[in-house]
Amino acid sequence: MDIATIVGLILGMIMVVGSIIVGKGDLMAFVSPSSFILVIGGSFSSVLISFPMSEVKKIMSITLKVILNKQKDVLVIINQLVSLAESARRDGLLALEGRLEEIEEPFLALGIRMAVDGMSAEIVDAIMRTEMEAIEFRHEVGKQFYDAFGKYAPAYGMLGTVVGLVIMLAHMDPETIGPGMAMCLITTFYGAIAANVFCLPFVDKLVYYNSREILSMEIMVRGVIAIQAGENPRVVKQKLMTFIPPKLRPEEEEQA
Amino acid sequence: MDIATIVGLILGMIMVVGSIIVGKGDLMAFVSPSSFILVIGGSFSSVLISFPMSEVKKIMSITLKVILNKQKDVLVIINQLVSLAESARRDGLLALEGRLEEIEEPFLALGIRMAVDGMSAEIVDAIMRTEMEAIEFRHEVGKQFYDAFGKYAPAYGMLGTVVGLVIMLAHMDPETIGPGMAMCLITTFYGAIAANVFCLPFVDKLVYYNSREILSMEIMVRGVIAIQAGENPRVVKQKLMTFIPPKLRPEEEEQA
Amino acid sequence: MDIATIVGLILGMIMVVGSIIVGKGDLMAFVSPSSFILVIGGSFSSVLISFPMSEVKKIMSITLKVILNKQKDVLVIINQLVSLAESARRDGLLALEGRLEEIEEPFLALGIRMAVDGMSAEIVDAIMRTEMEAIEFRHEVGKQFYDAFGKYAPAYGMLGTVVGLVIMLAHMDPETIGPGMAMCLITTFYGAIAANVFCLPFVDKLVYYNSREILSMEIMVRGVIAIQAGENPRVVKQKLMTFIPPKLRPEEEEQA
Amino acid sequence: MDIATIVGLILGMIMVVGSIIVGKGDLMAFVSPSSFILVIGGSFSSVLISFPMSEVKKIMSITLKVILNKQKDVLVIINQLVSLAESARRDGLLALEGRLEEIEEPFLALGIRMAVDGMSAEIVDAIMRTEMEAIEFRHEVGKQFYDAFGKYAPAYGMLGTVVGLVIMLAHMDPETIGPGMAMCLITTFYGAIAANVFCLPFVDKLVYYNSREILSMEIMVRGVIAIQAGENPRVVKQKLMTFIPPKLRPEEEEQA
Amino acid sequence: MDIATIVGLILGMIMVVGSIIVGKGDLMAFVSPSSFILVIGGSFSSVLISFPMSEVKKIMSITLKVILNKQKDVLVIINQLVSLAESARRDGLLALEGRLEEIEEPFLALGIRMAVDGMSAEIVDAIMRTEMEAIEFRHEVGKQFYDAFGKYAPAYGMLGTVVGLVIMLAHMDPETIGPGMAMCLITTFYGAIAANVFCLPFVDKLVYYNSREILSMEIMVRGVIAIQAGENPRVVKQKLMTFIPPKLRPEEEEQA
């Protein structure tokens, strides 16, 4: 659960709604289902054209998975890798087969299973990195999705405003010109909110989570290769710990 | 057939037309052949200056080919390469000549024919990569075409609005100023639709298809080189499978 | 002669002028020498500050040369290189001296003369690549010139509109405010045309021609080095042909 | 203490406030707590969504540390490294343990301690560079924070203006339309100040300080590795001095 | 003295002032010291925050030096290097000490002095390249300064317009609204001139001069290293001449 996202979304909505109330505006004047449909539906249409259907279908699950899943603790991963290295060193690589079910991380389980199956280090490395790239590619598509949505939403907002202006100007009526203009601006309002409160911040967060995920997968790849090579668990630990800045390391490591 | 593109285009048009109808606007007020010609014709003129005629002529076919052609299944390509590797291993490279007609992919057929003709691996690799770059270059031109169109359409939309304003303001008449302004905005409306509903989403889709096409051609090049070197079909399969993320692989491969 | 450029420029002007006539506007209302001088003269001033005088002087000749010169046929260049390789192989490198005058391409003549003069392959390669970079740099300056012009023209158009507004608003007069505003917009109109009809499309075309020119020079460099090394003409041909996609190759090459 | 930042901030505020006073405006007309909350609170909401909470918490300390801390004098660092190299050469690496407390720079102390502990040069280098990347990453997050804030502030300013316009236009009243419009523009005013006076200049300064910090850490890494290898202090000095441009070097160095 | 810069600046001012006079505007209506102070002073404040004081102080001298200094003739530099190579070859490296005072270029003098002092080629190369990077860094700061100024000037121009509008709208008075609006636009006018006539073109010119300066320093580094290695002056010349495109070379070189 990402607290910052939840707090930010709620805070952002409070700010916008609050500014309307404080400005003595009528909240209902900002509700316009047709404007909402044009901006959100239109942006979604453009995004549909931009990506293949197979990718669009995954967006929701990628978004939820990346935002809701708790961040992996890199130290826990390193400790598990060191423990696996000890088993492998003591009882041989095949002994890891018995420990496969205790590995929660599917990516790590994949690597260990390949090592147990006796595939060459080169192939294990290539397959794990292909999987890494596939995961990175899925995140990249999620990022591009929100990037595109954040680009099209203000564009459709502007389009809606132009449509509204044309309709209003065609039957120009001094008495209704004020409310008419107000109505025109609602699509711009929706477009700006969709882009600045939702899409663009989502892009940044997806990029951040992706970089963390890639780091933890890099550690797993290095760990599996080291385990397969039968390296000393102490050396494995020292190697993997170089991925963690000194300040974040547990005390005993520095005394090692 | 790319369903997302078709659905997106239809949905996008429904959104725009629907918002006019819901807003009680007159659809005919948005029809202006002269505005259409200025925005689309003008943008096309600028694109003509931007590219050589030889490339412009290919745009339509590239667009149709890339958008309508069904996506290649990478697994099918790998299986065909493995099957070819088996033939070559059993009956010699020349045996592949008899299987040339069953290869649908012209790029793969080109590679196999060169291997059968006894050209050196180095030359086969260089020629296949040149062909890959030529195909990538054609896609790149397609992308640049829509990129440019999506840049010029709003610019000509703005230009048309300025032209309309100058005409309207020169003979200022309070009674017609509303409809006059409405007319001016139609070119902006057309420019925004051309860019956001058509051109910019097309650019993204072309980029996506290109990346898939390049991946499948990369697999073919690696496969042909491996076949020519007379590698074991099992090894060929393992090598090429590293291009596919584990989750997408057929079951038996993981047990191999 | 680049037909697309000519057609595009004429078509673009027809679109703009046509939209004024169709809109029942007075063409003369769009003619304003002082606006023209501010936008074009102002943009040119900024470009003058951006580049050294020595480069600005070359702009016109580079533009004309790159746009009017007919594109080099890469196949003709390869055939000439193969023919030179045959002479060199049969009669020695010095025999190429007698064929120097039949070489139209100054860049190729430079390379062959250096080879005949007995300079080392390393030096020939370095000098030809320096010349390549010098030519690429000249094209780059041409590209930057139009890039800058296309950036400053709308800026001066906007500046002219602000100047016009200030003048008009200072002596506000309800009767002339319409035509006054119209006059203000002419500089924006000129700026948009200068950028979108001329400068920005020119940038794209210069980039395209440059990439073609660089490719043909790359082939010449490789050819000269191969000739100097006394390589077999058949091998020279095969090597250089890898720069051409298979579909564009003459038939006999594939049977070779 | 960074004088330029303090002077710039004060000067910037004087310019803005002064222009209001000189323009005979009422300063109180520019004070609007609700607008302030919408622009700053809204931007902060979007930034919260963009980054994980753990990074947002560090922003204030990073900002203060990077802007207030006095710049490290690279010459002082080099002299300390040379002095440490002399001790190590004379009394052995272990002698550096006694000098650890005189090292103020925690990054340098970390490196020397690892060298004293007898870790291999490879590991020392890897750990110091991981720490460098961690520090660079923290600065990068600070930069991205202000980058994002400087992007969202004008967007929320625009959003507030749209909200204000909708409220004002819904109850159109000729007498209050002037002051109403004025109120609408306050959010744009706040957004522009937040971006141009605070956020965007902060980004540039953070980038500058980061580049200086990275340079001094690079020198420390090289110094520690050289000390560990037991290199001659004179050679250590000469090597590290190549990071300083000749003009900034003390005189005796050039005579060395 | 850079003629293009002087001519461009004068021409640009003539264009702007001329367009005001031709448009029958009152030049004094465009003079507003308070607007000038807001735009220029405000932009300068933001730039002060963006850079450390030590860099801001150097801006004026860097700007003057880069724009006023006459461009170095690369051929003259090469000839001097060849002449130094001849002395070194004939009378030994130490003989160059007597020729140090005839070297005008401080960067070249630095290199020759280090060679005479018997420093190793590796150190000479490293120190010269550090100095090159320091000079490039200074030019880069100059470029960033004008880049930032050209970004903030229009932003403060817009800010001033918003401030002016708020003041004007707060006390709405139909009679003064025209001149009031005109006054508001003056800051936009100043911002656009500061950016488009001064800052942005300066950025391009600084980039151009920097690339030339770097080229001539690269030649000096290569020359000094070759002289130190005691290479044949003819070879030194041939090597350095590869930096000059054939067309710009003196005749005798091609006959060499």
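To keep things simple, chains are lettered A, B, C, D and E as they appear, and every chain counts its residues starting from 1.
Keep this in mind: contacts are C-beta pairs under 8 Å (C-beta built on N, C-alpha and C of every residue); 3 or more make two chains touch, one makes a residue touch a chain.
From a predicted model like this one, the values you see are computed outputs, not experimental measurements.
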| item | value |
| --- | --- |
| Partner chains that chain A and chain D have in common | none |
| Minimum number of chain-to-chain contact steps, chain C to chain D | 2 |
| Size of the rotation, in steps of 5 degrees, that lays the CA trace of chain A over chain E | 145 |
| Fraction-based call for chain C against chain B, same above half, different below | different |
| Intercentroid distance (Cα basis), chain E paired with chain D, Å | 26 |
| Mean-CA-position distance for chain E and chain B (Å) | 43 |
| Contacts with two or more other chains, residues of chain A listed in rising order | none |
| Going from chain D towards chain E, every chain in order around the ring | D, E, C, B, A |
| Sites on chain C touched by chain E in the complex | 34-35, 37-38, 41-42, 44-53, 55-56, 110, 123, 126-127, 130-131, 133-135, 144, 148, 151-152, 155-156, 158-160, 162-167, 169-172 |
| Residue ranges of chain C touching chain B (in the complex, touch as defined) | 2-5, 7-9, 11-12, 15-16, 18-20, 22-26, 29-30, 71, 177-179, 181-182, 185-186, 188-189, 192-193, 195-198, 200-202, 204-205, 208, 238, 241-248 |
